[in-house]
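Labels run A, B and C following the written order; every chain starts at residue 1.
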Amino acid sequence: MFDQLLAQKAGKNLSNLREKKPLIHNITNYVVMNYTANALLACGASPVMAHASEEVVEMVSFAGALVLNIGTLTPYWIDSMLRAGKRANELNVPIILDPVGSGATKLRTDSAKKLIDELSISVVRGNASEVLSLAHEGSRTKGVDSVHSVDDAADSALILAKELETTLAITGEVDLITDGERIYRVFNGHELMGFVTGTGCTASVIIGAFLAIDRDPVEATTTALAYFGLAGERAAKTAQAPGSFQVAMLDALYTIDEKQMKEGAKIQSQ
Amino acid sequence: MFDQLLAQKAGKNLSNLREKKPLIHNITNYVVMNYTANALLACGASPVMAHASEEVVEMVSFAGALVLNIGTLTPYWIDSMLRAGKRANELNVPIILDPVGSGATKLRTDSAKKLIDELSISVVRGNASEVLSLAHEGSRTKGVDSVHSVDDAADSALILAKELETTLAITGEVDLITDGERIYRVFNGHELMGFVTGTGCTASVIIGAFLAIDRDPVEATTTALAYFGLAGERAAKTAQAPGSFQVAMLDALYTIDEKQMKEGAKIQSQ
Amino acid sequence: MFDQLLAQKAGKNLSNLREKKPLIHNITNYVVMNYTANALLACGASPVMAHASEEVVEMVSFAGALVLNIGTLTPYWIDSMLRAGKRANELNVPIILDPVGSGATKLRTDSAKKLIDELSISVVRGNASEVLSLAHEGSRTKGVDSVHSVDDAADSALILAKELETTLAITGEVDLITDGERIYRVFNGHELMGFVTGTGCTASVIIGAFLAIDRDPVEATTTALAYFGLAGERAAKTAQAPGSFQVAMLDALYTIDEKQMKEGAKIQSQ
């Protein structure tokens, strides 16, 4: 039922990550900075948070991936994201964008679209309404309000990924990953993840870490989300409430090994 | 000894909160953003942190309550609080103010007073010195330096609540809640709460969540503080030091049910 | 083998800290604000985070120590650090600087050097590359690239401490503390500390707390690092992965008593 080759790759990516310990440059929101830095350390990567316009161009040059997250954005931060992103593009450092709250306010929607327009972004991860809010006027997607099922979301995501020329990851009970051609689904995860703030943001930094290892954006994202979801499943075995669950997630990110990853991944190809 | 009707209402408010999952808009300090977001999720609400002047007016229009917290204030943030607050007042979205450090520096005292002057605020929560620092010149309150007992604080709070036309919550070993007419005391809580940063700020966001459910500011605040204090008591049963206690608090906020709340509330009316 | 007098002083400093509960003023990075505030509370101090240029001069006047940390710096924050630092110097409030990432970007290196040039700083704590990046042109130190061993680092640190007229603490598997004359080494610690974000930043705030108690910068720093490392050792007895370890560190900071500190300190004088 589940894709064995990708499960194997998930395990391999994890081992490579821990060996190479790539630096992940984050320009992200205040709420999740601590937790996402800890998640990156737990999975074997090396996090740096730097947002000053005076240094982001220099900092991103050391990075294996750049994570842009608009969760507590102001125009200053968006400007720094653009500067860092342009340099990342020049250096072929992959970028992942987390368009937190896009669709909710004009500032967020406009900022997310601007980042996508001006940068070449490898992966965009969000929930269905965030991702689908990124469609330009005239898009052939149906729009958030018309998405009533996972299948609707898949159809829209396929079209939108082609239009935006990027890989889209719509995370939820089932995660959907597509570049407009291939489409994968990840069934790992646990409902308690929804009771911890920044779970989505953390998924995004894990994707960033995997992108630094695996330059196929679709497979890097898919394997990263299987790993992150598996950590949730394992955390739920020892923790039944969100405080201890949040702690157990970090523990699981640290302890899952290649074999467990390979056996635990629940990835479905189209 | 304890008020049974309010204990019952505490349980009801908690159940309603979990059912309605109101969005709570926070403009708050960097230190507690993560923990208060997690506390809101654990109790059943839906947190958003947004401070950009370009978006706060739009964001607050989706909210069930607005929490303003000056813990790491700068003039930019105060301006955003004023913008969001004015819109909240227009839309009848209740506002809770946490005047962190008011009385300690001129910037904090002036900012807190400005927010109270220019906005209609439902509840102000702080410790005794923060709350009593809000008195205008010419206030009939005795001032912080003259408050030597809980009874002194109660007298001053009653006067000040009338003068400021708001509900005041002075939290401490015993919490005191008054709108200048009614006065309630909450005896729930545990001393380890004082060893976790942002405990007061977290009490404020829980009050915000209850305000979104219960439009009587005095009863919303009183029941929220009983719930928050009960979570502390339950956390202390499994955790004897602040690290694990902080985690257990989130677990307790998530697991306390309506019946436990009703039986555990220690609320005293005047 | 280990210095018994300093071990005894470590225990005494800890007890004094818990008795006096000094206010520690932090101008620090977003990532670690919550954790370092909790660490300060756990060890018995009273943290305040305040960075607004309008209030730092006033706030630092209440403080027992000032902690400057450039982890997520912008020019605005550096300016506030200078304002607070100048007032701290006037009032004889000790300053500790954590030059996070100095050597990695020009903004960080320049900012750290500017703080050292314009302020009288009691202690600088960082890893070897951060600390050695602070050497002026023409320094007699060999530079980071020539440091291949702990002994190399010790030689460079001795020279640099004299040149900068401060106490340097280079933390790592073994911590090295010197004012250019005396040199101490601390062998406490655990490898899991490297998997928690802001461990170094937290060491710095603990040093700040000890500086508020013990005005000998070398001994305050040495005893603080022994205490912090001992907390890591004790945490590792109950926690084997970074999420639970981070929590157990806070618990250990809270529970270690004077006797345990005295018996557990692993301090070596030259």
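The rule we apply is simple: a contact is a pair of C-beta atoms (placed from the backbone, for glycine too) under 8 Å apart; a residue touches a chain by one contact, two chains touch by 3 or more.
What you are looking at is a predicted structure, and each value in this text was computed from that prediction instead of being measured.
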| item | value |
| --- | --- |
| Chain copies touching (chain B, chain C) - same or different residues, decided at half shared | different |
| Angle (degrees, nearest 5) of the CA superposition of chain A onto chain B | 120 |
| Distance from chain C to chain B - Cα centre to Cα centre, in angstrom | 34 |
| Sequence positions of chain C contacting 2 or more other chains | 30, 34, 246-247 |
| Chain C residues within the chain B interface of the complex | 30, 33-34, 37-38, 41-42, 47-52, 54-55, 58-59, 62, 246-252, 254-255 |
| Contact set on chain A toward chain B in their complex | 29-32, 34-35, 71-75, 101, 104-108, 194-198, 240-244, 246-247 |
